[in-house]
Amino acid sequence: MTFIFESGYTFWNPLIWIIVFLVVAIIVYFFRRRGQKGYKKDTDQARIFLCGEEVPEAEERHIRVGNIYWGFFETLKEYYKQILRVHTGIINDYILWFVAVTVVSAIILVIAGLAK
Amino acid sequence: MRTVTGLILLLVLVAFLVSGMLLIHPFGNPSPTDMDDYIIENAQNQTGSNSVVASVVFDYRGFDTLGEATILFTAVTGVLLLLRTVKHKKENP
Amino acid sequence: MLSKIVRTVANQLIVFILIFGLYVIAHGHLTPGGGFQGGAVVVSGVVMLLVAFSSKDFKKSLRERLLTIMESTGALIFAILGFGGLGTVFFYNFLVGSPIFGRIPPTGPGPGDFWTGGFIPLMNFAVGLKVIAGLSAVILAIALFARGEEMEE
Amino acid sequence: MAALITHSPILIIAIPLVAAFLTPLIGMASRKARNTLVIVSLAFVVFLVFALARDISINGIHVYTLGATSPGQTIPTGFMVPVRIILEVDGMSVFFGIIWAIVSLAAAIYSLSHIASETGQTRFYTLLLLMVTGGFGMMFTGDLFNLFVFLEIASISGGALIAYRTKYADTLEGGFKYIVVSAIAGLMVLFATGILYAQYDSLNIATLAQVIQYTTLDKIALALLLIAFAMKTGMVPLHLWFPDAYSVAPASITGMLVITSHACMYAAFRVCFTLYGGVIDAPVVGWIIITFGLLTMFVGVTMAVFQKDVMRFMSYHAISQLGYMWVGVGVGLAVLGNTELLATYGRDAMSGGIFHILNHAMYKPLLFFTGGALFHYTGTRDLTKMGGLAHKMKWTTILYIIGTLSISGIPPLNGFSSKILIYESVYQFHPILTVTGIIVSILTLASFTKAFHSAFMGAELPEYKKVKEVPKSMIIGMVILAAGIVFITLFPSLIVNWAIHPAADALIDQGAYINAVMGAVP
Amino acid sequence: MEHIAHNFPFIASALLMGIAFYIILFKKNLIKLIMGIGMLSSGVNLFIVALGYRTGGNAPIYTDVPPGPMVLSVPQALTLTSIVINVAVLALMLTMVIHTYRHTGTLDSEKSRRLKG
């Protein structure tokens, strides 16, 4: 019943990780405790201040999934265009891929057998 | 494009299958046949059935037949599940 | 619903189809055939009636509940016969040498004896029951669904 | 008790089977009795699997001959080859069996309230039990044709269950694609079985492994078997059916389908290591598996980042995680013939891949269950419509965080302990594998953070005012898997020594598998 | 050449499987796809049952059998099992296709598709 994990190259103790996390959490909580005392909920202090602009509603404030990582997809646009051409939802293409991979691997196996 | 690729792959696959079929033992004299000879000799006095096929299906490989009956049961259950009425009925949960 | 001639002939023919199917099921351990084949023969008779008459006429006679019970019973008989040999090994042919279907035929060619085969005839019967119920349920369900109806409970 | 252990391999397969045959009869009477039957039978199966695992860890490979005069008599007296069907359970099989038992029990408990509002529940549970039977049969059998039969059982029941919600069109399409792919894969497996039978007149894996000669026909059969099982597993570029089928199924069934794809992976390993183990051209096949594994990791995760449907997103992550296992075990296969390389890093790579199977089997069904919990009240799988659900679903949020940290390999959670095993051992084989693995891991964390933000964080959306926490039994089903994750996190070395290394050695040691059947040759 | 003549049933099963794969790959109609799968399994069944034939052999049933060799019995059992499995699979597929037609109003595998990407 040892906690230590040894992979043959490295080892660690999950308990140590958990203790580290707890210590960090305690420190964070400590700093949070030393925050502003005069802060009250449900007053104007809690409201969002947007340089005097009026604050949009909740559903407009929420960043939808389509807008996250926009730059990533913009950079890899070519790759995604190519990879999405493969993903036609047609069942016949699925079987075509199966035939292709089977034939290729069979050829590789037979040729490797002949080479020996 | 897709048609050409598919046809080429299909021809290669058929070529593989046919060439493989030419390598199998000649049609009509399988070899080796130890397992089947044992079954044909001993089926009658081990299972008491005159039909060797029946004794293979239900005794020697009876577990396969149980799985086969299970597959039929599965398919029937699936068909009746998919063709069920989606509206709620009170008596059947 | 086909013409009167077809319906009359089907009415007469179904008896022979049923008898032949039951014969194939019963003699599965002596002659070619067995539970699956005999059950398929019987279900072909059901299909003939389904073609001759309309599927509405079957809704009252072949209810889903009855067919489900029949099929589960057949499957359970099969599985329990497998469990019967569990004293030694699962699927051990424990009926060989017992009074029911227990006789051992003389080795070599010969006229078959009906009371042989251990649990093979019983399994044939169970599988036949199962196939008849299951395939008729499938065919009737599809035929009724094609007309936009459901099977009766 | 001793008799129970002796007959446990067949009981583990037959008890869910008989329960499935009984379910329609009992379901007519009362639904409470039906649910009790399902849960009790699966719990008993879990107990039996653990008892069998303990027996195997003590006494070695467990062989059970069906229909013989004694369970251990694999070969008829005075004869050379087995004629009956033999169940052969070694460390690898029982390892998968433990996973399958736990996940199926969790899925059944989860289903109790997940499908409570649907019709046809009796047939749903019947098919669920039949699926459990098929999976156990695939894992425990020692006979090629029997493997095909149980593969078909698992495929047909899975296909019918995917299309369970027939009121949507996409469920039927997903089920149809799944069953077409499964039928063709199964037929190819049957064809390869026929080729092997034609040459060696046997269907038993151990017997074939003893006499196989790797002729051209055997090469064709190996290609057919390997690629057919790989397609059932969801290896790129044969993964296209995978998201279509997994995203539309009920969440509990999706969690079980993950393990059926692992069962097909087990069958592929069994074919490569045991059936062809003595004669296989190990580097070539190993490199084929490694190449497709790298493709699987990368394409899967890049497609996952792109997705907006929560279940499709998790399905693509399942694909990319399967790549780790292919790479880990593929490296072990590539150095199979070379003893000192195998001892240096091959065994560790295989252990990492197999350990990753265990971890993936714990956290991926958990994540699918949380996705189903999101679907349960919001009624949509579209992430763009979700938001601010953490205010209402506290338990779901916590369990989702556990699964996310685990799948993206944040130490000390269990995902990291298997990934580091793979990284460090695979690095000595080829560094590019480790680099790809680390990049894929980073992308995994990024995409799960994105999904977490868009589904749970943010202000409370007005259209989800009425959403509340999911029912008890769904929480219980998820907590079972989360408890497994925490246990593996706390005692990784225990799991590695008791479950992973025996499984890896069972794959490597082909002679023991053969001798367990053929040892009694007169 | 005479080798081809010897193995003609095997080659016939291989060609049958090739035709079935052609149908599966290039026919967009779902019913034709299912027919292709049925043909594929017929090819596999023909192959397996042809494996067990002995020249001049009788059916392996001892009831009033004429003297002579008996053909192998295991391939016949395997074929029986695989035929029943094929029936089950085809029934389920046809059910799903009927439902899909109800929902989408078409049998074309490209027009009736909802899931992609």
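All chains are identified by letter, namely A, B, C, D and E, in their written order; residue positions are counted from 1 within each chain.
The working rule: contacts are C-beta pairs under 8 Å (C-beta built on N, C-alpha and C of every residue); 3 or more make two chains touch, one makes a residue touch a chain.
Note that this is a predicted model, so its numbers are computed, not measured.
Counting only chains that touch, the fewest steps needed to get from subunit A to subunit D is 1.
Traced through touching neighbours, the fewest hops from subunit D to subunit E number 1.
Contact tally for A-E versus B-C: the pair with more C-beta pairs in contact is B-C.
Most remote from subunit D, judged by the distance between CA-atom centroids, is C. For subunit E, the chain whose average C-alpha position is most distant is A. In this assembly, the C-alpha centroid of subunit B lies 10 Å from the C-alpha centroid of subunit E. Inter-chain spacing, taken between the CA centroids of subunit C and subunit E, is 24 Å. Here the spacing of subunit A and subunit C, counted between their Cα centres, is 56 Å. Between the CA-based centres of subunit A and subunit B the separation comes to 44 Å, rounded to the whole angstrom.
Across the assembly, subunit C contributes residues 30-32, 68, 75, 79, 82, 90-91, 93, 105, 108, 110, 112, 138, 142, 145 that each touch 2 or more other chains. The residues of subunit D that reach two or more other chains are 17, 21, 24, 66-67, 145, 149, 152, 156, 159-160, 163, 166, 172, 176-177, 180, 184, 198, 216, 220, 244, 306, listed in rising order.
In subunit B, the residues that touch at least two other chains are 6, 10, 13, 16, 20, 24, 30, 33, 35-36, 39, 44, 50-51, 53, 57, 59, 61-68, 70-76, 78-80, 82-85, 89, 92. The complete set of chain-chain contacts reads A-B, A-D, A-E, B-C, B-D, B-E, C-D, C-E, D-E.
Here subunit B touches subunit C in the complex through residues 44-51, 53-55, 57-59, 62-63, 65-66, 69-70, 72-73, 75-76, 79-80, 83-85, 89, 91-92, going by the rule given at the top.
Subunit C meets subunit D in the complex at residues 65, 68-69, 72, 75-76, 79, 82-83, 85-86, 88-93.
Against subunit E, the residues of subunit D that register as touching in their complex are 145, 149, 152, 156, 159-160, 163, 166, 169-170, 172-177, 179-180, 183-184, 186-187, 190-191, 194, 197-198, 203, 243-244, 247-248, 306.
If you check the complex, the residues on subunit D that touch subunit A are 176-177, 180-181, 184-185, 188, 214, 216, 219-220, 222-224, 226-228, 230-231, 237-238, 240-241, 244, 281, 284-285, 288, 292, 299, 302-303, 305-306, 308, 348, 352, 383-384, 387-388, 411-412, 417, 420-421, 424-425, 446, 450-451, 453-454, 458-463, 489-494, 496.
Subunit A makes touch with subunit E in their complex at residues 84, 87-92, 95-96, 99.
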